[in-house]
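Going in written order, the chains are labelled A, B, C and D, and every chain counts its residues from 1.
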Amino acid sequence: MVPLSYYLGLSAVLFCLGVLGFLIRRSIITIFMSIELMLNAVNLSFVAFGAYLHTLNGQVFVFFVMVVAAAEAAVGLAIIIAVFRTRETLNVDRVNLLKL
Amino acid sequence: MNHNEPNLYLWLIPLLPLAGAAINGLFGRRFPKKVVATVGLVFVAAAFLLSAWASWQLTHLPLKIPHIEEHLPWITAGGDFRVDFSFYLDQLSMVMILVVTGVGFLIHVYSVGYMEHEGGYYRFFSYLNLFMFFMLTLVLSSSYLLMFVGWEGVGLASYLLIGFFLTKDSAANAGKKAFIVNRIGDFGFLIAMFLMFQKFGSLNFSDVFSKASSLPVETAGGVGILTAIALLLMLGATGKSAQVPLYVWLPDAMEGPTPVSALIHAATMVTAGVYMVARSNAIFSRSPLALVVVAIIGCVTALFAATIGMTQTDIKRVLAYSTISQLGYMFLACGVAAYSAAIFHLMTHAFFKALLFLCAGSVIHALGGEQDMRNMGGLRKKIPVTFWTMTIGTFAIAGFPPLAGFFSKDEILWKVWANGYKALWVAAIITAGITSFYMFRLWFMTFFGERREAEHGAGHDNHGHANNGDHVHESPLIMLVPLMILAFLSFTGGWVNIPKALGGNNHFDEFLSPVLSTGTMSAEPENPSLEVTLAITSVAVASVGLFLAWLFYCKRRDLPDKFAAALNGLYTLVRDKYRIDELYNWLFVQPVVEGSRKLLWQEIDVGTIDTLVNEAADSAQLVSNEARKMQSGNIRSYAGWVALGAAAVVAYMIWVGLR
Amino acid sequence: MLHLILFFIFAAVCIAAAINLLAQSHPINSALSLIVVMGSLAVLYLLLGAEFVAAIQIIVYAGAVMVLFVFVIMLLNAGTEEHSGKSYVAWFIGIPSVIALAALVVYSLLLHQGQTGNASVSSNSMIGSVQEIAKLLFGKFLLPFEVTSVLILIAIMGAVVLAKRGDN
Amino acid sequence: MLTYIVIAAIKSLVLIHVLLGAVAYTVWLERKVVGRIQNRWGPTRVGPFGLLQPIADGVKFILKEDLTPPYVYKPLFILAPFLAVVMALTSIAVIPLGGQLPLGRWSTGLQITSTADGTGDINIALLILLGVTSIAVYGIALAGWSSNNKYSLLGSLRASAQMISYELSLGLSLVGVLLLAGSLSLRKIVNTQSGGLVHWYIWPQLIGFFIYLVSAYAETNRIPFDLPEAETELVAGYHTEYSAMKFAMFFMAEYANMFTVACVATLLFFGGWSEPWPGLTPQSLPPLVKALAPLFWFALKVFVFIFVYIWVRGTLPRFRYDQLMAFGWKFLLPLAIANIIITSFIVAWQS
């Protein structure tokens, strides 16, 4: 049987990789994917805790996280498209001003 | 509302003019002048008719007096503070609403003609109606607070109307002066209300008066809260009613159109102080000290203003000082607890002073805006109606029987004497003589002798006509009819209160006596022969005034100048209104202005506050200049900070867990 | 034992794919790496007895959200990312912080390892987990569930408004 | 455990081969049927009735030069067809083809993912099916994008948009059946329909079936929804640049998907492997044949469904792209939601 801490450790590593991705990547889309990675990492710990505590609440929570992630992806990608249209770039370092 | 009482629709009386003001104010710009005038007149006329009806009901039905109609709750606070929109009708307020709506209506009618050629016609009528609304609120209110609303409201309307010719600097300044000087008085009124609430727990007239009546009289040794309240109320009254020391705004207020001077600054608003003191007689009667102060202020004002009036050359300013002087009479009456005499004089004064102002307006109108009496003369034939009505007004104010002024002034003089204030009586009788002198001076200078051309240039040009008026013309009928009605009233107005000593029955005093129960001091001895003697004295003094005026300004035209030369210093002092304005300027205005400039502005504002703010801003900028590097706009650096924060939070949590 | 082996296999795949996500310079490779991460996570969910979540993970994340990503990458024809200036904050504050974060979490896990047991399907109690989740969602969590539906609706409208080409 | 794995592996091998064979002969069938519809013969030369044609085609695909155009993004260009075909074949794993198959001492379910005794299967088979279908988009999307060709890209963008859109109504159209059956397990769903024609869910879920049918055609990019590979507009769509075996893989994926879709339709709406009416299978058959009889029924139903596929291809014209999207979002999706609501009310009322 797999100890809970393994899952949590994996979750933490994935989360930190997500943060790292946010820090070192420049493409908006990749940064966005890093965020998704972080969300997934958190989901894993939810499910792991749920299994550990023998409750389904963790899974329900994951469900909600997924809903929010889906909504976020829809809006976020729409924003990315809008940004790309006005600035012709996906490099976040070039998207550092609020006005054009 | 008490359902056993008939509804007199008192709330409509003030609201009708308000409706007129709203209609004219909101839409009047697009109306033709006729419509504006009609709206203005109809609502005031309706208010007058309603007042008359209510008065008839009050006097002829077995109503409970005072008749109080409560409408909406207005302010409720803290459980025991409650002021409603409720109206209060008794004999006193009945007289007041009749005077206000009656004279007010006549002046509205007059204004239709007088303002014909002025700009801002709708604005004028809107303000005038607004004034009526506030004035009626003032006199009909059933509590000091609602009265204060009217009090402030008439101040506002007065301010607006004094500054009606808003492109003229002097008019705008006069408006501001009136407003600011009135603030001082209002300050007293407010403090008085605070004290009243603190002492009586209510501001409603009924509560306050019943509780005040149950308190002992505060004699000189036991001066207490009632005296304080009374004196503070008197401070309010000196502001509103232009008494010493706060009278300075009223002469300047003559910058407004003449009907305004007649309505607001002669007949109605300025008498609000008298009304308020009379209304608060329950409080004043419990404080002899306050009464003495009131009497002295009134007497000093009367004499003081009368002397200034002798030297003025502007026709409206003479009348303005005359108004101040007459108001002083009323306060003198109040001060000797002869409230009904004060109200009586208030009423007759409303008639004849409105008449005089309107006549002066008619003269000015005829001369195309000329206000300087030195440039008038010989108008008797050219404007006969104005002349005759003005004659009635002049004789009335000078106190010749059987005109209105004689009875009211004489009653005051008698009451002063009868209450034992002999010194005040002397001052008052001198004032009466001076009054007679300056009024006839005005009369002679305006209507007799030869027409004197303008030596002093254009003079006051607040009137739309061409200035050099060879074609002096009588005013239109719509201006003359109010003059005639007011002349009639000035003639007969005194007959309602012919003293018993002269075979009358003091009807007016008895009518008012339930409200103005004169309390402790009305125990004057019945002495008809003395009363008659005093009356004859006052008529004689008035005649002397008439004679001197005739001598100086009709017979021997060179005398005034010689006289002035002989008394050069004194004359100049009086002509310059005792330099009170300059004194106030030096005493109050300059220190305030200089203090504001030097201390508040340059030291405190610029030197301290600005410096502090600038320092704060500079330091904030200094910090921000460093801190803003965090807000680089670079998302990745934001993420870096967030990561740092996350690490810190986790570290803290682990540390807490370990502890 | 089989569970442990599977866990290690898929955890390794997961981490490798996540690292690949960061390492790849082309966004589409990153996206595919992320899909692999999600697939591996789905397997881990299955190991944890969370069948429904595993299926949803595939359908929603891998099948919908990531398709959207790939779609946008294609639509914008996003190429390899250009090398612009470095963010010193990200490098010298962010990355040490991340490492510190990871270290702290691992440290705390090690610290509490003795107190935690195994995370696994204990019995058949989870067998009807779809029905159980449905009961929770439509019972205890009904209000949040309905609220998320509104959230989704708003997100749809927002996305439409944002992505719509303006008239000008 | 080991036995289970071995048996599953054997079942997978057998099934993949059967499936690939079926795919090959479906192509033949399609050419024949379309030929008949268009009043021509179709393939006749290779073998009797052209029966050897698929083999010839296969040989051709294998022997042709595998051309990789320049400027393609090579890793994904190679990955894409594999992804497509693997996903298509994976989905068959959870589909139960019949009841139990007694093999001497052992018995096993006619399904790769059945439990060891063959009576049960995984609970969420249908969800896995949907998940695998949704992953299948990547094959097409990546193929078009990696080709570095605008026709390919347009084709793949169309395909992915179309598949995402219709996946919704596809999934929702199945919910009605799930509500009636009360399970996500395909085996249980089939079992609730046993007892003849009248128990099939096509009758109470006629609307659901209609939605499923249309969405399934769109999902598999078949006529009338074959816009991603519309020859007149996009050459050959996402597989324009593909040749030889990679091209064949897309073909296989498409037909395998057709099979999957047909299987799901059979399982959910047509009673799966159960007899059209009870007692149709003669009792006197030997046990092994009797055990295989459900397989026959299943195959027959799938064949009918495939035939309808081809029939439609031969008769209907192609949609315009905006019509396609509007139809999916504005008609099918609301209809599917309404169907779910009505069905759940009826289910709630009956219980």
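Structure notes:
Definition applied: a residue touches a chain if its C-beta (ideal position, glycine included) is under 8 Å from a C-beta of that chain, and two chains touch if they have at least 3 such contacts.
This one's a predicted model, so the numbers in the text were calculated from it and none came from an experiment.
Between subunit C and subunit D, the least number of touch steps comes to 1. Set side by side, the interfaces A-C and B-C show unequal numbers of C-beta pairs in contact, with more at A-C.
Set against the C-alpha centre of subunit D, every other chain centre is closer than that of B. Innermost chain of the displayed assembly, by C-alpha centre distance to the whole-protein C-alpha centre, is A.
The distance from the centre of subunit A to the centre of subunit C, with each centre set as the mean of the Cα atoms, comes to 6 Å.
Note on chain placement: the centre of subunit B and the centre of subunit C lie 81 Å apart, centres being C-alpha means.
Subunit A and subunit D have centres, each the mean of its CA atoms, that are 33 Å apart. Here the CA centre of subunit B is 99 Å from the CA centre of subunit D. For subunit A, residues touching at least two other chains, in rising order: 19, 23-24, 26, 93. Multi-chain contact residues of subunit B (touching two or more other chains): 632, 634, 636, 639-640, 643, 646.
Subunit C has residues 52, 56, 64, 68, 73, 75, 87, 90-91, 94-95, 98, 101, 105, 129 in contact with two or more other chains. Taken pair by pair, the chains that touch are A-B, A-C, B-C, C-D. Subunit C contributes residues 3-4, 7, 11, 14-15, 18-19, 21-22, 27, 30-31, 34, 37-38, 41, 44-45, 47-50, 52-53, 56-57, 60-61, 64-65, 68-69, 72-73, 75-76, 78, 81-85, 87, 90-91, 94-95, 98-99, 101-102, 105-106, 109-110, 112-113, 116-122, 125-126, 129, 132-133, 136-137, 141, 144, 148, 151-152, 154-156, 158-163, 165 to its touches with subunit A in the complex. By the touch criterion stated above, subunit A contacts subunit B in their complex at residues 19, 22-24, 26, 31, 92-93, 95-98. Contacts from subunit C toward subunit D in the complex involve residues 2, 28-29, 32, 35, 51-52, 54-56, 58-59, 62-64, 67-68, 70-71, 73-75, 127-130. Of all residues in subunit B, only 632-636, 639-640, 643, 646 touch subunit A in the complex they form.
For subunit A in complex with subunit C, the residues that touch the partner chain are 1-10, 12-14, 16-21, 23-27, 29-30, 32-34, 36-37, 40, 43-44, 47-52, 54, 56-57, 59-60, 62-64, 66-75, 77-82, 84-85, 90-91, 93-94.
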